[in-house]
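One chain, chain A, links the two complexes that follow: it is found with chain B in the first and with chain C in the second.
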Partner chain A sequence: MAEFTLRLRRYLPESGEAAYWQDYTVELEPHRSVLEGILQVRAEQDGTVGIRCSCRAAICGSCGVRINDRAALACHTHLSAAAAGAKDGVIKVEPMGNMPVIKDLITDFEAVHWKKVRRVTPWLLPDGPPPEREYIVAHEAMVDVTQPMACIQCGACVSDCLSMEVDPEFIGPAALAKAYRFVGDPRDGQHFERLQDLAEDPHGIYDCTHCFNCIEACPKGVAPMSQIMRLRRLATADFQIDDRNNGKRHEQAFTELIEKYGTLFEAELLPRSYGGKFHPRALPELLRSLPAILKAVMRGKVTAMKALHHPKLPDQKRVREIFETVEGREQRYDLNLYISGYDDDADDDVPADAKAGDAKAEASA
Partner chain B sequence: MSIKVAYWPGCVSRGFTPELHGSMAAIAPLLDIELVELDRAACSGAGVIQEHNQELADSLNARTFALAQQVDSATCMMNICSTCQGAQSESQERLDANSDYRDHVNETISREHGLRYRKGLDNKNFLWLLVEEIGLDELRSRVKRPLAGLKVGPFYGCYIVRPADRLGIDEERPRDRYLHQVIEALGGSVIDYAGVYKCCGFPIITMNREVSLQQAGRHLGDAIDADADCLVVPCPLCHLNLDLQQPLAERVIGRDLGMPVLHLPQLVGLALGLEPKELGMSRHVVRPTSVIDWSTAVVGASAP
Partner chain C sequence: MPSHDVLIIGAGLAGQRAAIAAAEGGATVAIMSKVHPVRSHSTAAAGGINAALAPEDSWESHAFDTVKGSDYLGDQDAIEIMCREAPDEVLWLEHAGVTFHRNPEGRLGTRAFGGASAARTYYVADITGQALLHVLYEQLMKHHETIDRYEEWFTTSLLLNENGHCVGALAREIRTGALEVFNAKSVILASGGAGQCYKPTTNALICTADGIAQAYRVGAPLMDMEMVQYHPTTLVENGFLITEGARGEGALLFNREGERFMEKTAPNKMELASRDVVSRAEQVEINEGRAFEDGGIALDVTVVPRKRVLEALREIVNIGRDFAGVDITRDPIHIRPGQHYIMGGVKTDTNGETSVRGLYAAGEVACISVHGGNRLGANSLLDTLIFGRRSGTHAAGRARHVAMPETPHSRVRDEQRWIDSIIAREHGGRRVSAIKDELGENMNTYCAVFRDADGLGTMRDIVERLKQEAETAWIDDRGTVFNQDVLGAIELGYMLDCAEAIVAGAIERKESRGAHSRTDFPERNDEEWLKHIDISRNGGDAPKITHSPVTITRWEPQERTY
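Here is the complex of A and B:
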């Protein structure tokens, strides 16, 4: 047995009182969960502590909270690990972020999470009349969506989403991962419509800043951000959806510039992301950026030379060949490690003791 | 003893933040780092090419890795851009995890003089190299002008701290604490504020400018409220949103900011005795007045 201090954030909105922290000490085996600690507090010390839970086995997704500033399932976090990661050894537990609090550690899923999930039409919309019996789908065709299917709707990714923190209207990681589950499903007949809807929404797939917080928060390996990137890939490369958010234009401009120059020609990227210097959308956007551009010129960050000319790499031809080879394939090759797994051996080329650069290994050989 | 690295500076450090590339070149000899620049390597994809075509980004990065492995007796590959680090680590994770995939990608890049990536490259951001290869004690011993009294807010950004597994962050290598450790080793005070591990918002600046600048503005404001003199960033893209765009972020959040933002090599250079101007600080949009005042005050104090 060991002693752990839990610092719980207490709050009852209808009381009119501000939220406050309250410390409790529990004695439990270190491998017990934070949830068990909180339940012991509730059973033995203070029956007014509010937390939602059910299965206690990381399956139902009810007990999402923030432990030491990070979203996690309380039932899936050992007391010992939580104490090790805590400042001064005190385990801080508070409700998840980006959602209103109902009481103490209980957040209002209806107000945010479920509303956003419903936003993406989370059911199958097949084309044509249903088959006489069941839909027959090839195994490989469904493997692709198993990652978003692993979601248990715990809201951890929603809690820690940094875009949603400043834009509450962002559809968000959980709902967009759910959207991919249908866009990737061969039985669904509305892939294009779904993608167009999510690409055109100002708070849709192009509102994700790529911060990886949802990947880090998810207890089930769903990697919502990776699903959002797949939605973007399908929307741009496959369906050529020319969205109003400049999502496709930006991706296309960036990729074309690297194909041409090898490194990024930044002065060209901005206007091209708005559709080119002469695109009707570009002028107002560029005017809005003008103060920043002028400052950059004044400070010598950007010179006229740099704005007009960008050198190609010495052997840019080689880079272009890579583009031609890969983009010329009939089908895109996306390796998903969630499905393929990792090689389990330290096989090939490098001796096991040479962790540093290969050259080092060669030098010592 | 000098450290030789296969050096990937990235695009932005030679583009809109030339002071980053310049300050790295200025401090390298002071730290006995020999930079062998990978001047034939292409963009890491920055997450954008990955979004367009994953295999394409992995192939470009495999080529860069292979070029780095050709640098004789290099300790490792080094970058000065977190975004490159993140994008390259993601490619490397796939390439290292699956030998069939690696062979497939190697076939594409081998058309160039039999170029081939061999699993297990060590690719480090300058921040990691500072702590793991040079060491905090050695760094401390080289400090000529301790950053005494300078209150520095670390801004890690995203690509260098998440996902922790992919980036090799664990108890043994607490890479998510390195900026804290380096600031302290240089003699400065660390300012903890809400934005330490948050996103600068840059990746969506062309897609959702309001939300992008709201993120930048909020973190800068939080740092001001926590009484920081300046922020330090290991990523030039964070620098673009936090410094170059700061006047626009002020308008979006309706608050005066004026928070100087330094690149990591600039902060190190200051402590190693270089002058703000030699480190390209005059090129920042937000004049690092507090930092310059601090440096002249220190010089004034130490004058006989």
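Here is the complex of A and C:
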């Protein structure tokens, strides 16, 4: 047993008061979870503390909060780890970000998260009537979409998404991961339409700034950012979707420049993203960016020299070799790997000991 | 006042499947859940779902395994329906988008499960329940024009009309505290299990017997309530489930003296004997003082090659690390039998109809009875889907020739007064949480793996006393927005009613069958007890007990050996 101090962000909408911090002390084994700490508070000290929870085992996705400024599941965070990560040993727990707070640690999922999920038409849209038996699809494809399927809709990624902070309309990591679950599913018949929709939406797949926060926040290894990158690759490379947001051109320009110079030639990136300096889309865009460019010039980030000439990396050849190897592959190695552990021993034959008719692996039922 | 042809209470697998079936049957549908649908407990099911879908398998074989597993208490007509319809249900799920595991040919692949004579368990990695639940929710969103979702609404009571027909329910919107009447031609209860009557349990915090108690209170009989499944391997610390896959991979059980005690009870099958047998053997060790100081038995996974553990038992490696602080690849982990599933529930026919007209039940809340004395692994998900769908279809059909009822508003006033009175209680008696703990701990002592008349009598008295104490139990939260405290107090009432029925059934059944093991009646007694125990509310008095026959179609009871 050890003593832990929980500093909870309280907000009682009916009190008319602003949010405030309240400290509670609990006594529990160090490997117990922050949720168990809060439940102890609720059972023994103060039943008014609000938090959603159910499974206690990181599977229902209810208990997302921010612990010491980072999104996490309360039931999936040890008290000891939380205390060690806290500045003064006091475990700070507050509601998740990017969503309005309803009460204490309870946020409005419906207003933000679920609305975004519904935005991506989150159901299978097969072509024509289903086959008589199951759809025949590759094992790898099912494993691939099982990774986004592992999402428990806890909202941790949404809470910490930097793009969403800037653009609340951004469809966001969880909903886009959900979109990949259909775009990656061979049974779905609307891959192109889905991708076009998400590419054309100014708050869609090109609105992510690769901050990695969603990957770090996710308790289930869904890696939403990677799913977004998959969507982009499919939209550009496979479906050649030339979107209004210039996402495709930007991506293309990015790759071309790296291939050529090894590092990013920023002055060249913007015009190329709009189809080259002389493309009709480029001019207004360049004009719009003028203030930013001027500012950069003033700060010395962009000089006339830098704008015109970008040095190549000394070993630029190696970069080009990487490109050649990757592009020379017959198959793209970009599938998700959901390691279930069962896949390797699952064959269709009835195992001998199961035939014997006994409780082998009554598994977790 | 919302009015729908069909009102579904509960949005786990049973409820969501019922909603889709009712909508496809042409009904207007409302589905209500006290948590967001994807938070429902169905999401915790890891293992899989059974169906005799492979050409070399047969539904009869699946049905026989189920009958035998039930210790012959299961109703064979219902079991036949479930097993016959299972293959089509799995295909329906596949077509709806469940990402089932595939074999190298791209067809559905299976995994072997306990008590089954063929590998007929279909699965999605180690997240089967989650995948099923989230895909059904996708379908629910797709049907948004015909299915109204009431998410985070808490049903407090069922409504009957003057003829005793169920005509809707009262529910509190958790976010605002507003109370509302939901009129409906039919109501389907799909509100899940009752694990929280026990402490510890593998069940989620929301499994508080709400539906069982609500039906019981309006006069619907409960059945097989004495049949409570204890899973042999749950964490000593907090009751979390350690899958049987661990023993399937070769993990061993030891007592404190280092003895592989399964030798004594199941010399052939050892650790792989069936669930009730292993749970009983462990309990004997614990009762006779050969457990570790923490009251547990050692489950030794270190005998399984480390690589294999990391591959095949990833989920429990995580559970051990995250929730018990043990690296199971290096050290044994302490487990004990723990409450896992409730075979009993609201008595229904094979269309889900209860004996209250207009009231249906499906899923863990219901008892049809397909599980009888002991549920087989991976049969529960199947049960929720098959009978969820059948209830939904039947209720939609019923709606075509029933008029829309209307409930007088006075019912809202009475209910509101009752809830307000809980909120206003003086801080004099006991805390709700203290009563809940006392109930759970005692159920786990007196109404657990082994039972006898003395212990059960003690438990009956405890429940009676706790019911009285609950009348004055107080809470802290006086607010309306997300007042989870007052919901906890209402749930306590449900759990106490459910516990009362479990104990009454256990006292009544004077034999040992399936999960019900009486030390004072250690044998199965088909002559007197091959029958169901039905329990109904009897005013304020002790529950009324009647018996009903077990339906036997083609499998005569035999001795159950594995």
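Methods note: the second predicted complex is superposed on the first by the 285 of 365 C-alpha atoms of A that agree within 3 Å, B and C clash if a C-alpha of one lies under 4 Å from a C-alpha of the other, contacts with A are read in each partner's own complex, and residues count from 1 in each chain.
In this section, a contact is a pair of C-beta atoms (placed from the backbone, for glycine too) under 8 Å apart; a residue touches a chain by one contact, two chains touch by 3 or more.
Values in this document were obtained by computation on a predicted structure and should not be read as measured data.
Student: Is A:123 touching the first partner chain B, the second partner chain C, both, or neither of them?
Tutor: After superposing on A, A:123 lies in contact with chain C but is clear of chain B.
Student: Looking at the overlay, does A:2 come into contact with chain B only (first), chain C only (second), both, or neither?
Tutor: neither
Student: Classify the contacts of A:111 with the two partner chains as first (chain B alone), second (chain C alone), both, or neither.
Tutor: Touch status of A:111: no partner.
Student: For A:208, using the defined touch cut-off, is the partner it touches chain B, chain C, both, or neither? Pick first, second, both or neither.
Tutor: Touch status of A:208: first partner only.
Student: Does chain B (first) or chain C (second) touch A:19, or do both, or does neither?
Tutor: In the superposed model, A:19 contacts neither chain B nor chain C.
Student: Of the partners chain B and chain C, which touch A:216 in the superposed model: first, second, both, neither?
Tutor: first
Student: Please indicate which partner A:246 is in contact with in the superposed arrangement: first for chain B, second for chain C, both, or neither.
Tutor: first
Student: Which parts of chain A are in contact with chain B and also with chain C?
Tutor: Common to the two interfaces on chain A: residues 340-343, 347-350, 354-355, 357-360, 362-363.
Student: Going by the contact rule set out above, which residues of chain A touch chain B in the complex?
Tutor: 162-163, 165-167, 170, 202-203, 206-213, 215-216, 229, 232-233, 236-237, 245-247, 250-252, 254-255, 258, 262-266, 270, 273-274, 285, 288-289, 291-292, 295-296, 299-302, 306, 313-315, 318-319, 321-323, 325-327, 329, 332-335, 337, 340-343, 347-350, 354-360, 362-363
Student: Which positions of chain A touch chain C when the two form their complex?
Tutor: Per the stated touch rule, the residues are 12-14, 29-31, 33, 42-44, 46-48, 50, 52-62, 76, 78, 102-104, 106, 109-110, 118, 122-124, 126, 130, 133-139, 142-143, 145-146, 149-153, 185, 187, 338-351, 353-355, 357-365.
Student: Could you please specify the touching residues of chain B with respect to chain A in the complex?
Tutor: Interface residues on the chain B side: 6, 11-12, 14-19, 39-43, 45-56, 58-60, 63, 68-77, 86, 93-94, 97-99, 101, 104, 108-109, 111-112, 118-122, 158-159, 162-164, 198-199, 201-204, 206-212, 214-215, 218, 244-245, 247-248, 282-285.
Student: Can you name the residues of chain C that touch chain A in the complex?
Tutor: Result: residues 35-36, 38-41, 43-48, 54, 65, 91, 94-97, 99-119, 121, 123-127, 130-131, 134, 138-139, 141-142, 151, 175, 204-206, 238, 240-241, 243-245, 247-249, 269, 272-275, 310-315, 319, 322-325, 375-381, 431-434, 437, 475-477, 479-482, 484-485, 488, 562 of chain C touch chain A.
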